[in-house]
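The two complexes that follow have chain A in common; it is paired with chain B in the first and with chain C in the second.
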Partner chain A sequence: MTFDLFVIPFFGGLLFMIIVLFLKYSRWIAMMDASDRVKAGMAFFSASLPVTIREIFWESLLHRRMFKKNPLLGFMHMSFALGWLLLILMGNLESRIYSGGHINPPYYPIFLKFFIHDKRVLPFEIFTLPGFFRFTMDLLLLFVLSGLGLALFKRARSKWFGLKRTTRHNSFDKWAIISLWLIFPLRLLAESFTAGIYQGGGFLTNSLGHIFAAFLPLKYLVYPSWWAYSSMLGIFFITLPWSRFMHIPTEIVLIFLRNAGIEQGKYPGSFSQIELRACPRCGVCIDVCQMNEAGLTGSSAVYLIRSLREKQAGVFLHSNCMMCGRCLEACPVGIDTLGLRVGARGVDNRQIEADFTYLAKQPVPATKADVVYFAGCMGHLTPGVKNAMIKIFERAGIDFNFLDEDGSICCGRPLKLAGMQTAASKLITENTKAILGTKAKILVTSCPICYKIFNTDYNLNGMQVMHHSVYIDTLVKEGKIVLEPAAFRAVYHDPCELGRGSGIYEQPRNVLKQIAEVADVAQDRENSLCCGGSIGDLAMSAVQRNIIRDGALSILCESNPDMLVTACPLCKKTLDTGNGLIVKDIAEIVADRMTVSIKQTVSRSLAGQMSV
Partner chain B sequence: MERKSINFGYAIVQDRQIDFDANKHEICRAVAVAEPTLNLCISCGTCAATCSAGLFTDFSLRKVILLLKRGETEGLLKEVSKCMLCGKCQLVCPRNVSTRNLVIQISKALINGKP
Partner chain C sequence: MAKHVVVIGAGPAGLETSAKLSKMGLRVTLVEKEETSGGHLKNWHTLFPGNMPGLKALESIKEGLDENVKIQTNTQVTALEAVNDYFTVSGHNGWQEKADAVVLATGFKLFDARRKEEYGYGIYENVITSSDLETLLAKGNLFSNHKNPARIGFVHCVGSRDEKVNNLHCSKLCCITAVKQAVEVKQLFPETEVFCFYMDLRMFGRHYEELYKEAQEKYNIQFIRGRLSESTEDKEGNIIVKVEDTLLGKPLRIKTDFLVLMTGMEPAAGTKSLTAMLGLKDVSDKFIRPLDEVLQPNFTDMPGVFVAGTCSGPKSVSETLADARSAALAVEAFLKE
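== the complex of A and B ==
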């Protein structure tokens, strides 16, 4: 007997899912740019394939990033993913014992215990081939069921899993998850009932079968239980393409495309469509989002992504975000949450046009110097920063050109974050003209917002872009400025655009350590908090911003430091509440604590002798 | 307009009436719904004083808001399109008006007739 009517729900569901997935993926492949399609095709034969396979194994199966977040959470996800895959693989191998090594129809291994009652093996015999498989299959089922137990427990005590808040699922996802949860208990029941009648189960199913046989009329229950198991699989497969479980196949596709070097590109393109479906709605991004503190709980990345996928995203969802990148850092799937949000904003603001023709009159700087300094809009709002930089340049004896001495053109990053890429490009063109006109080798900027976009969107013909903290670090290392230590304790605040945005964490700390004692902050570097002043947000009120700022300040000031140091004029302005805490930019501290270096003293005294 | 007389840096502005019948108020109302902090504005002009765009052209957010509130929305879209969204005005505003979103919402309201 190799067929029974009850396999139809499973088999039909599986076929339906495969057809739907095939159609969906074909459409996205057709939507791709031709160059991206070539890249994807080449990736099958390039060195990125082993990397992709490795990443799929570590992330999609073992869920390594989930383990890093929380071991229980990681185990829960791993038991479902790895456990289920091994059940399928081992089941397939086991079924071949009984078919003389031939490949069987897909339903046959899944329902093997219905078709085959192997009475030759004893319940706990594990050293023969059939016995080994029987034991392993029961063990794997137990593995998956342990994950299910954890999933149920997580509903009651999410804090044990490192999650304060979990995703609020819609009703469709609730149905999908119930079908997933029921699959494995129903499999256990069906196999146990069968083992209770015919023997031939493993350590788990056989024992349970004996217990059930004692008080249940198994011969009436066994057939319906197989029907129920098959139906639940069918429901799960049919709902999968529209539920959160679409992430199971799509995450693999995303990893492949990402390693093939394909970028998000224009929204809504095929890559972003795949990203939207690769989101498992695990909810790791919810807790890290500081918008919760201000009572804005509904705009976290997970909800934005779900709404974009269901084409229901409103202004509230995409505009309420500081673009600090904490969700991006936390996402176990590595979805570019910021890029998707900017894309959604772009669709919303697509009609708005900018007119910057007035900028053409801007004078191009004439003087030539190796270094050009760009204070940026925010640098001009906090003149202490730009004045400090001028003092540092002069003390180090650097010949520099102050590009925006009389006020700047915006760098374009605020427009870009608002989704207005075309308008941003106009500013980028104007600024590029001005920057290249200086013929400098190094562009130093005080604003991490400008720094970020200079690196990502500007083509400066190989001109080196440096944030002032990095530049100061270089000056100190070259001995062009010498710093004098002082007796105070400082904490350093990582600006979002400089830290998570550009990966600069150590240089400002190196400089600060030469002057002051630097105390640790509980949430620093990649986990640094946003100051609340971000130009990434479009909708928050000043009151909500202040709540976020105060939350960040309380973490930063846990060790009661004498001074709060940062490297961003906007962070400095935001964090300086006037409550007595001294807030300074790294450039200001350096300008205060510079002494004349030995080299300079020597050269000056030599110059003195010459003149005599 | 060239004046033949000596220029002391002053100009004579024509006496004018605000015509509430002719002007469109629904745009202003729509913007105030989309960005309620519009109502906080006292037209102090701090935004215009710090404006990056104001450095290169006669763009003034204060003027934009005044014209919007009067309902004189003709040519306003062209005016507001000069904004670079840099956010300096938002940081200096003594009334905490969300100026960046205000600019976006004014543009949207003018384009769509409603936000």
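== the complex of A and C ==
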């Protein structure tokens, strides 16, 4: 017997899901740029394929990043993913052996215990353990059920899983999650009832069957239980493409495309659509979001992604984010949450037709120098930083041009973050002309916001872009400036755009350690907190910003430091509340603590004699 | 024996309250953290209207003090406790007094203009504050190394009505002070072009509007509506101001010899610490909130503790003195009960 009516809900659901997934993925592939399609096609034959397979194994099955976040959370996700996959694989193998190697219909291994009540030792098992499959299949089922137990426990005690807040679910998710949770207990019941009658199960199902047989009329219950099991599978498959569980197939696709070198692009496209569906709504991004502190709980990455996926309007939700990148850092799936938000803002904010005629008047320095300095808007709003840099250049004897000495046009990053890509591009084009016009080799900037976009969106023909903290570190290492230590204890605040945004963590610390004792901060480097002054948010009030700033300050000042040092003019401005704590930029500290090295004294006095 | 009142803070408000309480036959101890009394008034060149020198005004106020008022200087109040029907007030140096009532006259502090770093105070030599200007006027050496400055700019609302520095309130006196100082500068240097950069001009007091009109018509002072975005220093030490004229809708760059920042008023450190110490209510601006701002401006939530002067919000000297007298009456009424 290889067919029964009860398999129809499962089989129908599975076919339905496969057709829907096929249609959806085909549409996204069709929407892709031709070049991306070529990249994706090539990826099947390139060296990225083993990398992709490895990543799928580690992340989609074992959930390594989830384990790093919290072992219980990792185990919960792993038991569902790996346990279920192994159940399917083992079931297939087992059914093949029974059917003598023939390919069976897909429902056959799933409901094998319904079709086969065989207690014989199979030929294959003679070489392994008697009852190998029965034992293994029960063990795997127990493995999945342990994950289910954890999932239920997580409802009550999410803190044990490292989550203070969990995702609020919509109705599709609720249907899907209820069916998912019922699948495995129903499988257990169906198999136990069957084992209660035929004794064909393993350690778990046989024992349970034995118990059930004692007080339940299994003869009547066994068939409905298989129907129920099959129906739950059917419901799960039918709801999957519209629920959070769409992430199961889509994360695999995302990993593949990402390793093929496909990126989000400037405007939302099919890659974004795939990212939206690769989000499991695990909620890891919710707790790391500092917006919660200011009572803005609805705009975390998970809700952004869901609202985009469900095509809900959400200008306020899109606008309310500091773009600090903490969710990006935390996301176990590696979804570019910031890019998605910028894309959404681009759709919200009509492309403003501003007057760009003033751009043509950008002055280009007349003299040539190897180094060009760009203070940026924020550098100009903190003249202390700008002046410190000039002092440092002069002391190190560096020939430099000050590109925006008389003010300048914006680097374009604030516009880009607001989703105004077209306007940003105009500024980028003009700035590029001015920068390249200096014919310098190194572009030094004081502002991490400018630094970030110089690296990501400017084509500067190989000109090296350096943030001033990195440049100062180089000057110190080359002996061009000598720093004098002072007796104070400082903490260093990692600016979002410089740290998480650009991966620069150590150079500013190296410099600071030459001058002061640097105390540790509980949340630093990748986990650094946003100062609250971010230009990335388009909707927050000053009061809300202050709450976020004060939260960050309390963490930064836990060790009661003498000074708070950062490497971003905006962070410096924001964190300086005038309450007595000294807040300085790394450049200002350096400018204060430079001594003249002997070499410099000699060369300078020689230069003096020559000019006389 | 006459009842005893401790007045904290010997600025105009504390001095006037003490003088009036003493006239009412009460014993007063006036505690001051600094070496001398007088508060901000002793550093202020002239007052408007009437151009009375700050020191002269201070002398007149002090004339009201008599032997019933004991002044305790160099004493920072560190504790104030209500014990049964009296208060114990203690200072950092071990000084302690019992009091039947306490008047908080801890006043304001000027906004630290360095927090608006984009304006360059503390970085560029020729950026000064309104308070610095008064001191220079008092010394009689304003711009002594610049015989004839070509241009001078006054920047209104520095640290007031500015969300970015967490001060939403209007300090209300900076407008008239800027107009007064602009006129004084123009009187000293008739050839100099004087600019005032403002958001709104709040000429609420008697004679204020008239002076503003005179400043424009007689002294040709330029009032430009626009908030300064930033200032830079050129190689000669001039201050280049970037501002948008929001009436003309045009961005401006103006080269000035000096830039004067009209710093606003914030609650003094002592005001803040006493508010916290006593658990008194404040509002977002951190000034003390009286029991009722309209009807009982000198009472607080704590019976026996009163407020006088600018610790409950920005006030001119004349308003401060009126408030101090009102506080004295409130204290007397309370002690009679």
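Following the convention adopted for this analysis, the second predicted complex is superposed on the first by the 588 of 612 C-alpha atoms of A that agree within 3 Å, B and C clash if a C-alpha of one lies under 4 Å from a C-alpha of the other, contacts with A are read in each partner's own complex, and residues count from 1 in each chain.
Rule of thumb we're sticking to: contacts are C-beta pairs under 8 Å (C-beta built on N, C-alpha and C of every residue); 3 or more make two chains touch, one makes a residue touch a chain.
A quick note: this is a predicted structure, and the numbers were derived from the prediction, not measured.
When both complexes are superposed on chain A, chain B and chain C clash.
In the overlay built on the shared chain, the residue A:L72 is in contact with neither chain B nor chain C.
Once the two complexes are laid over each other on the shared chain, residue contacts for A:L381 go to chain B and to chain C alike. In the superposed model, A:I392 lies in contact with neither chain B nor chain C.
When the shared chain is aligned, no partner comes close enough to touch A:I274: not chain B, not chain C.
Applying the stated contact rule after C-alpha superposition, one finds that A:D355 touches chain B and leaves chain C untouched. By the touch criterion stated above, A:L512 is placed in contact with neither chain B nor chain C. With both structures placed on the common chain, the touch criterion links A:G407 to chain B and to chain C. By the touch criterion defined above, A:I177 lies against neither chain B nor chain C after alignment on the C-alpha atoms of chain A. By the touch criterion defined above, A:K573 lies against chain B and chain C together after alignment on the C-alpha atoms of chain A.
The partner that reaches more residues of chain A, of the two candidates chain B and chain C, is B. The clash between chain C and chain B in the superposition falls on 243-251, which is one of the stretches 45-53, 99-107, 171-179 or 243-251.
The contact surfaces that chain B and chain C form on chain A in the two complexes overlap at residues 380-381, 406-407, 542, 573. Put simply, chain A touches chain B in their complex at residues 319, 349, 351-356, 358-359, 361-362, 377-378, 380-381, 406-410, 412, 414-415, 418, 420, 423, 427, 533, 535, 538-542, 570, 573.
Those residues of chain C lying in contact with chain A across their complex are 112, 115, 117-118, 120, 123-124, 163-166, 230, 232-233, 242, 284. Against chain C, in their complex, chain A makes its touches with residues 380-384, 387, 406-407, 542-543, 546, 573, 576-578.
Only residues 37, 50, 52-53, 55-57, 59, 78, 81-88, 90-92, 96, 98, 100-101, 104, 107-108, 111-112 of chain B touch chain A when the two sit together in their complex.
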